[in-house]
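Shared chain: subunit A. Partners: subunit B in the first complex, subunit C in the second.
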Partner chain A sequence: MHRLLVVLATIVLTSALGFSAAAAPAVAPTRGGTLIVGSGTDATTLDGHLYTDSPTATIMEHMTETLYELSPEGRVQPRLALSHTVSPDGRTWTFRLRPNVRFHDGTTFDAAAAKFNLDRVLNPATRAPWRFLIDRVTEVTAVDSTTLRLVTNAPFAPLLAHLTHSGLAMQSPTAIQRLGADYARQPVGTGPFRFREWVRGDRVVVTRFDDYWGEKALLDEVQFRVIPDDGARLAALEAGSLHVAVRVPPREIERLRAGRDPIVRIDTSLRTIFVAFNVTRPPFSDRRLRQALNYAVNKRAIVQSALAGTARVSDAPIAPNVQGYSPVPVYDWDTDRAASLLREAGYSRERPLRAVFHHPTGRYIRDAEIAASIQGLARRVGIELELRTLEFGAYIALTARPREQNDIQMYMLGWGTVTGDADYGLYALFHSSQWPPVGFNRGFYKNDRVDQLLDRARVTVDQSQRNQMYAEAMRLIAEDAAWLFLHSESQVTGVRAAVQGLIVHPGERVMAHQAWLRR
Partner chain B sequence: MLSSIRASTTAEARRPSRSRWRLIWNQFRRSRAGLVGLSILLVFLLAGVLAPILAPYDPYEIDLEASLRGPGGGHWLGRDELGRDLLSRIIYGARLSLVIGVIAVAIGAAFGVPVGALSGYLGGRVDLFTQRAIDVMLAFPGILLAIVLVAILGVGLVQVMVAVGIVSIPVYARLVRGQVLSLREQEFVDAARALGATDTRIIWRHVLPNTVAVIIVQSTLQVASAILSAAALGFLGLGAQPPAAEWGSMLSNARQYIRLAPHSVTFPGLAIMLTVLGFNLVGDAVRDALDPRMRL
Partner chain C sequence: MWAYVAKRLLLAVPVIFGVAFVVFAMVRVVPGDPAQIIAGETATREFVEAIRKDLGLDRPILQQFASFLAGAARGDFGRSIRSRAPVSEELAARIPNTVQLTIAGLLVAVAVGVSAGVISAVRPYSWLDASVMFVALVGLSMPVFWSGLMLILIFAVRLSWLPAVGTGTLAHLILPAITLGGATAAIIARMTRSSMLEVLRSDYIRTARAKGAPERTVVNRHALRNALIPVITVVGLQMGTLLSGAVLTESVFAWPGIGRLMVEGILTRDYPVVQAAVLLVALAFVFVNLLVDLLYALVDPRIHYG
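Presenting the complex of A and B:
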């Protein structure tokens, strides 16, 4: 109980810190200047419907906008839409769109443009990875220039939350039609910044869009620079060649806090880090072995060492700030129970359980070090894990193989529930319809009861009923030990003291929309 | 029959005899640097061979609560990012590094020497083709070629030994070819040929034994660069995989924490530096000892 209180207090404090930094500054903002943001990876594509990673989302969200947005506090609020109504049967959604909005190329944003975008995502030929977010939508109609109507094949509770996903951004139909495949290199949206250039592997530059419909940006320009190594990125920030550095190594926080510039901020994140087991293949088709590993790994020690206490040990498959979260009983560190489960399954120190453990390097905070910690902790109970790592693109492709070709035994991954709604975090990862190559259930988990609960929660509108369904589904998932549950990350960002008004969104986005540089 | 015996004695006379080895040792002893190098190598060799006895802790036992702690409390060199004892890991690392170095060089010599000998002895088209192939290999910087080879062979310790070994093939091939080119013009080779010895016999019995001295010198220096290449591959994550106590990968894992825990980077770095230095000092001294012009 005491520990729970400490954890809660930490969360409250860190989020409070995050918001206070974003609050209105005392001095009047100055206009102009270039903000340089150091990121870990380059953009994968600049087509707002085709990317899957949050570093690209950070860039895109300066240029494109969605019908709804998730505020940093976790509220779904209108952006390019103004309001919506739902028919009594819960299947027809009518949206009133914001008038007098133009894309950067002068095209008018209206219901026809919105329909074009949603149809493009829904069209299987586009191969939009986030199609599943709106795959219940069967009909998109532009009623008049500011009225859009969506019809779903069943009541679909998370629709508004899903429309906040930046993978459903509104992009200029004229530009998409005119440029074809080249569009992915010169995106056109409605956001406060417009695209200027993309130097592959080095930087993406956006400049202020002066005809923006809303509150105009203060900065002239934002540059997103690629510096893959966490240490090198921090060094560049300290040397003053960056204004913002994402993913500061947590163990450096204490040292940085001793100085005045740069400032370290810790913001909440919607990302959960886990190790998924392929439950259809030996050895981890045996639930006892999955549970044994859960007992063998001291997650608290990992969080305290590699992450310097900035993360929160998982007590559910989703992060606590996701709508639908409730804590479920998971596995406390208990090497005796791990050993007895291993014995039951026929393993011992003399005949150790051997498995190959795939993990990424440099994608999540201290991922390789965490993998090595897991290896070391598993070794104590007589589980021999062989570590394998790959470049992230190749790694993702490997985990996405269909079942017959997928011989991965266990792999580490992170999932940011960026819509802030449990459906996105649970349906995509645990529903049996989401096995690769279609979806993200890459451990091939299948539990009929869980499927049923996730399906029902999708079409239930009452939030408290949904929460109960999710709670039961998560309890079953934990009981099945579908994952080795690890932690939910916090974002550790280094910022130069001159930077004001910067928002670090829990969806892992650095937002410079209203940022400015103090002179 | 009689003449063939005579021919081989001619060649044997040019092979280093026991008294010659003594002469070389006497010469080597005069080099202070060489002796320093030799003692460094002996220390690491002993550490490597006796690792299970010498290492104070299990090099793989992690202790997350004590991660990155500096020297002290029974851990003479401190602990790494997972709380493992650094001294024990460096001692076990000596074993790995020396094995990698020696095996890689053995692979290089095993292929490079015959290729060079054949190429030099046979001459003509064989020489032309092998030498162009070797030119191609030499055109790549060694570490780049090793990375390409690891990419083809896959990541791991054995693969690193093979890759670094392949990289040193052209070095041996060039060196031996040069030696053979000058040796094959010598009278004792003509004599052997006149007596009807086969090419294989001439190369094996008469020519190669005379290149042993240069091969030894080259190998001592080559072990140093093989250890360095293997450490570089380990640093890039292409060599020994965790939890192996390989110096290069220890450096790589600890470099994030260079400012927080300088000891975790310094000691593996020192270990690499000292071993490479040791081999280089010994190599230089051996070369001097074997060089007739240096003999007083």
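Presenting the complex of A and C:
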């Protein structure tokens, strides 16, 4: 008996040792193979200037490149550009472009091609949704084959960050001119993968581009498959039909962690989830009530229970890896403070504050469950929230109505600061020029000092000065309790253990540029 | 008979026209603006307006309907608002998938459903009947998004016999066909059973038995054939439903069919896609119904259309 135990223990120990040796990443990358990535929706269009959704961005990122890129750590770094200089008045930007780059169809990438692309985005007839990122550019000039010059109508600090956006990708001018509207079904970029096929509603396939200017891809092929159902996508991953599955439901994390394959990875996202108050209408025109709700809601508990700890409690209106972020004092859970603020404002348990709370269902991770938690936590301090949900298309239309017709009291939304720069996050959400129907300040927040700071930060080129301005603006926004601050989401991705070198970018993109499959 | 077919086809015209108008009006009454959805949540008002103009959504609704009809008559349904590809192309990419799944699902449903119904009817109120009908009830009550996932978990994840999701090979078709056919089989089984029970009680069955025909012949030749009329009606209706897309099954198995195209179209307010798809489905329904009526005559020579 004893001997048997010893033998067993030896087997267990040696196999454990063997396993840890195998897990060491000393293996050299292998070339070849097909990586299959499963996501929830199909690409909308494959014209890199015309899409708005992140599943399409994921696909396009493999085929097209931008002048600058946002590293997963949040740094802006050159890609198709090599360097830049800015004139003393901050309005003329001169870029040196990378020489010897070719598009997949053989067309040379040069300043003329870059000009063609930026002009195409700027041309209102193109209807490029990301035009606003560079709409302060008034003039694009190809000085010589590797020098590009942009002139803006005013100094515009976020320009480099905006040029990282994949909606401003460089695509082959020859292909765009030749194919017209059909270009959207056969894109041509400069990236490490080239387009192969798009089977509607099923898959997009890209293959390695062997003449890529940079470090060549290791995989032969990447397939982006559409599997709408979260549960089925996860099952397909477990069955080995997929290598990567995005948006793993948080309640499955625990179970998956018990096994060795697939692996769950949790990566940060630039998306912040919040509840905005309509500050122009009662009851939330009263700042004390907005603060009371902020104190009443235990955000940490929501993140722990509804999101299985995968999100990060917000300590600013933008996520931490956005340039310009700094933590500001927000509201810790304090039901006594909440109760006393409610009393001050004339409410009590006998005469509770009543409000209607709009929220989407199925748009953000566990949005409806989170809304219900907020309702439950608010009830404990004597705030009665009535939940209302709508299908997302109708929801967006409802929240975008101009102030006179907008009777929403509080509503949940998410915002991805996809440029990685605070301007995009704060200006659109808090500047008073951005009230609907113009912009995204759908709670009609207005604070003159905040407006001033956001305007100045936009034209200040010095980043440390900008950071200070954003810090002050965010402090004011938090003091005003313009939002019920919630959390920034994390991306929960299921990955087969054989997949190496995969990047899940905070901009909600899965990148297989240097990924490989361990045999 | 051909006069009858012509008459039925003529009658279909107002039906199709009505469906076209109702769908056309309905997608526009639902709140949510396609221009806003294409432009993205973050778009400016000018941009949304510009897109609305591109799409012709700023024109009076009757004018929009007229140009839709004119296009449809030529087989041109415009371009998808979302993908900007011709709608006819979007539909053409999905139709073969939907037809494949419908046929496979119906084959499963008819094979399982009719046999189960006959078995039940031949031994009514026995434990066999009870258990078959219990299984049918379970099959009917199980939502396909659950039963589909269970099949994936068992046959793809645990046993690795079949691919979990997707299209391509015959193996890909098996699980979705069983899922889809399972629910329909249950309906067919119950229909077959009650219809068979009624027929088996009739005089000519007694006569057949009396003249000494073997039980197998009595059941298969005399009873089943006569019991099939209501079953064909149900199968026809189910076929129409399946052709209009089995959204849930398609979603679970990532099957790119008409149903998902329509639901995605509705969610993104892709008017041209929804209109064309619904019109196509209406056409399929009319056609299948006509086919069913003609099939009656084939099964039962007493019925004929003059």
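Definition applied: the second predicted complex is superposed on the first by the 364 of 519 C-alpha atoms of A that agree within 3 Å, B and C clash if a C-alpha of one lies under 4 Å from a C-alpha of the other, contacts with A are read in each partner's own complex, and residues count from 1 in each chain.
Following the convention adopted for this analysis, contacts are C-beta pairs under 8 Å (C-beta built on N, C-alpha and C of every residue); 3 or more make two chains touch, one makes a residue touch a chain.
None of the values given here were measured: they were computed from a predicted structure.
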item	value
Which superposed partner A:P129 touches (first subunit B, second subunit C, both, neither)	second
Contacts of A:L270 with subunit B and subunit C, given as first, second, both or neither	neither
Partner with the higher number of touched subunit A residues, subunit C or subunit B	C
First (subunit B), second (subunit C), both or neither touched by A:R379	first
First (subunit B), second (subunit C), both or neither touched by A:V101	neither
First (subunit B), second (subunit C), both or neither touched by A:R255	first
Partner chain in contact with A:Q304 - subunit B first, subunit C second, else both or neither	first
Contacts of A:R200 with subunit B and subunit C, given as first, second, both or neither	second
Touched partner set for A:G231, first subunit B, second subunit C, both or neither	both
Shared subunit A contacts, counted only where both subunit B and subunit C touch the same residue	231
Contact footprint of subunit B on subunit A as seen in their complex	230-231, 249, 251-252, 255, 298, 301-302, 304-306, 361, 368-369, 371-373, 375-377, 379-380, 386-389
Residue numbers on subunit C that touch subunit A, as the complex places them	30-33, 36-45, 47-48, 50-51, 54, 79, 82-85, 90, 93-94, 145, 148-149, 152-153, 156-157, 160, 163-167, 251-254, 256-257, 260-261, 264, 267-269
Complex interface listing, subunit B residues touching subunit A	60-62, 64-65, 67-68, 81-84, 155, 237, 241-243, 253, 255-260
Residues of subunit A that touch subunit C when the two form their complex	38, 41-42, 44-45, 47, 50, 52, 124, 127, 129, 131-132, 181, 184-185, 199-203, 225-229, 231-233, 235-236, 238-241, 391-394, 396-398, 400, 428, 437-440
